[in-house]
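Below you'll find the structure, written out as structure tokens, and then a few comments.
Order of writing sets the chain letters: A, B, C and D. Residues in each chain are counted from 1.
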């Protein structure tokens, strides 16, 4: 356990409120950190639900007043896990109050807001983290490390898909299908992850979007009774339909700064896939493949192998001595799950806060802003039916 | 065995000469056809090599004069398995001589030639076949059958990749890297297959290309001594370099006639992949996935399954009673290989020639011309950096 | 959160001390239980290490005196996570003191002790749990549920392997290789799990062992300096060798009460495997397959499926509405890891303690005693080179 | 093509008659052999069917008199592809007539006959081959080559299963279920293959059978109308039942000459499996895995790999330069099928006949006799409920 502690205020108590609470609960027990988190204050809108959530998860305090909490002297770290359109005001206020700030992805609901957050972070003393939690998966972090070591050499191809299939025509008009509540559809929700993953693993930037398709396959859905809280949605039926105002899918092509070609596709309509966050990278000296649905495994091809035995290698990324994060966990092949991505990412952030170099690079607000630029460029390309040079997207 | 026979003249004795000879050798032994092929005449350029090849494979005659052979009254079927830029004159001459004509893919090296072939076929009495031999794989044929029956419903997504990885920077300047000999790079060689597969399986047409990237990663290669006959190339080294004049990869996005979105990628630079001809189709009621590297297996997801047990099903497509072509072969899971795609496709063509409905639809010249239009549209989009409506490509 | 609470005393602070602490930490946060655990007292041998572990994990008290703690009126549940040869005295004392008792597997280091524990449990008021934690994996629990529903029908075959490969000849003489400290080798450590899994999933008992091989491949190993605390072992070398006094592997054949045939194999010498806890069950109406290394997936074959599409189905066992435990966790395919087996098993035990029917049946001491009988029968068969009828093993 | 030729007489025209005919048809076209086969005479029982089969497949002559044909001076090679109980007289007669002799597996229906065949071969001048055709699969042959090179080191474990699932209770009483026609059930049919595979790959012998179970799950089946010719069986129903007189499964444990432990299981009742001929071998330095259902792939684990990237490697065994048989076939990952096992095995036999060392070792009658001894030992162990030392089985 660390000598130093860091009081955390978490804003948000839905799906991400739960994953983050769990991360704070566990990270100091498994990792030897320079600073351990203290679960100080939970902030959400409904007083009773907030108090109840805080009690269950062991938050010491509960509040409904985020503006007060982000300025509270007792707080060192503010974690924003609210809808995308609230990220900017909360995060910027916290930065201006001198806090470290963590924020859910995508960084913001517009590129303007993302740029403001990036600028606020640049001026502030606090550290920033954007929760691209898949960087906390050992297999993806290993891919990054291998590329950084030169094991793939020059990158020719990136194929990054995030395929979900839950949004069939019978799913009602949840908040996730409405622009005003969700900010974005599959593109912002899923596409942001794979753009980050491609940038993270390759260490390269998208320089040009060379084609893009945005599509809403189901243009109207049935309006559910009440508000739907979960991904699968509503309880009753109103018999009325309303328009879907976000995308079901965005797919786009890109060129990378190292000369490679990348394809990206994010969708909720890939029937049969549940959480297939997949990336393949082919380089001069080797290749890697990953699919979150089998998250502990990284596939690797070494082009220099003896042809007799060369082939895709299934690396079970759980070796304490050899793989990112694995030292903190269980013996070989005693595998990790979804939640560990958050815990591992949190460990890196507390390493940074404590003045150490994080064992895996995590995205600060500037880094997440670069991802947001690509999201924007892909939309511009789709809507203008034109190539978009990233230099023009700022 | 059939009462009727059909004398075949095959032009070409390289890789495809071998796959086609093998198909004629075997198809009548495994299938009960209305017409059996007779291996009548082999045509190639070098007299000695042609005679030797003919003897080995059991061709009754050998010739170096294709123009004579395609008009020979003893011949009923002419099979063109030569470089792409010779397809048009040979096939058109054979059609005009009243023959049935089979031709390797892509149909031609230019859209103009392809259109001329299509027109010649429309006027002629003979049947035509384009050797998109993967339609002869039971799994892909089953996918087509399932879509045709409505098992997938409305198609949302097609993801079609043909990934090979043999063309690293050390591979010399083979004929396959030169426009004048190869006609096209990965796009014509591999891309043609996945465009055909997407059209075949979905029964839909590409209506628009919404972005495309064409890239030659290795712009110069070492000139080998002598001419390289095989895919891996040269024997000696000249120490000199020459320019690569075909693409290493083309990737493009498209919209389909049923409203779906498709991504296509053909490449020789996907290190680690050898012959990963892959297609995924997601529809309203289900989905399928296929990868040629495990060619006997079709993956299927049925969205109507009980959630308790729903999941991707691994269909081993070898059931004589239930799967295309399987009746002609071995017991369950006594699997087929690459060559059987050609044999099965040949069976369908002889069914057609004999007046029967083929058990799986095969692409005639008009059908292959539609695929050629998509190839062309993808190139135009890449070169003009603009979307291309298929109506404008004729 | 529950109204009622249950004070827990955990004895043991090594690998299993960690997995159990983590389970108590989390189970009440994810599950809605009739009784929530309170992390009351940690017991271990070394005072400083015990205090430190307790502080890190949030145990309210630390003690080195298990005999006192198991009789402490403040404690309702005693959890025994110590070496096998200490299970019996601790568990029996706790039962006699009226506590609920959880105990690590195998139940004991001898059949005699296991029988005494079973008898003590039969007389006591407390509930008992044996930590066959893989019953807490949703996929294995789903297999059990499907068999119980009759989806497999009459069972013909069980194939249960637990393959690890860490014990190559260079691994020194760790405590795990010595009978006096480990009690048993692969058989007791890994074999116990697969016997439990086979009994759990099929609901059948082993009636006869029809052959068995026990082998220690590496008969001597280098004695390490100091005592090795972890699975991989020692720090320095003494240059001396000592005898290995436990098995590296036991494999055996068995008949099941429903007439089926089972093969079991547990080993630490299956190079290439890390934690391949695998089971396959073939029945009249269907079959299942599972491998812990991809723990969230259950493979299912339904013999009644349409032959056109029949095939092994990959069930991702994460559907809140359809799969065991999944309601407590994340959205579809946001997968679980090794530790969740313990948390889920704990949830079932607290359901029982609170008077509810557990959502998945967990093994009490009598159930674990049946598994211990099979372990014993397999050893007898190997050592006597004879078949062993289970009626003779009591 | 070879200068020399070898006239072949094939006895049998059912399933194996077809696979062997196909092998003779193709082997000389793909391989450069010292001797090419000539399809001289086909022998079977029914005159019309024999003539028809011979015509279809290109056999020059047809006969119903095997005794005459095996002594015919024009014949150099006799191939026995008839029911097991006819192997001995036919093969011995042919050997005595000075022919080369190939024979289907298992070598004979009794150990006595097998020994007589072995002895006859020892005295004769002709070469012998037993059609353990899976040695003709490149992946299995690569496994053998790798073990022979020492890549696995000392062998600890062999796990060999041959799982089929076609024999559910509704399948009628086919000839395969009757001892008098089939000679043996799963054990002789499938078990023979995996015993051969284990011996072939490891180069070791079974020294002891340490337990064995023989079981006929379905003891009576409905008697079909007429005789059933294929694996799936009958056409009509008689409403009567008759006894099954062969095993549905045999599973046994064994010790190997190098000190390893092996498990074997052959069955027709492993629902969900169609032709899962699987072998896993774990050694000190590495491990291999193979499953015929994905026959072109060998999985390999190299224990000396860097832990960062170590993992099971998927070797696609199609590299002309590096893998057995691949030089004769297609480019990388243009995969082979079931039939190629026979063609490749035939190539090796003609290499031997022509005085060359075969590229992969094939089993002569003595080799197949060793496999037959293991088959016998496993039966003795099951029936006597006792360990069996192989020295006692001669």
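Just so we're on the same page, contacts are C-beta pairs under 8 Å (C-beta built on N, C-alpha and C of every residue); 3 or more make two chains touch, one makes a residue touch a chain.
What you see is a predicted model; the values in this text were computed from it and never measured.
Farthest from subunit B in terms of Cα centroid separation is C.
Looking at B-D and B-C side by side, the one with more C-beta contacts is B-D.
Subunit C and subunit D have Cα centroids separated by 41 Å. Centroid to centroid, with C-alpha atoms defining each point, subunit B and subunit C lie 54 Å apart. Taking each chain's centre as the average of its CA atoms, subunit B and subunit D sit 35 Å apart. Residue positions of subunit A touching 2 or more other chains: 312, 316. Interface of subunit B with subunit D (complex): residues 1, 15, 19, 21-22, 25-26, 28-29, 55-57, 166, 230-231, 274-276, 292-296, 316, 318, 330-340. Residues of subunit D touching subunit C in their complex: 152, 154, 156-157, 159, 161, 163, 165, 168-169, 209-213, 215, 217, 248-249, 251-253, 255, 259, 261, 263, 265, 267, 269-273, 280, 282-287, 289, 301, 303, 312, 381-382, 385-387. For subunit B in complex with subunit C, the residues that touch the partner chain are 142, 146, 297, 300, 302, 305-316, 319, 321-323.
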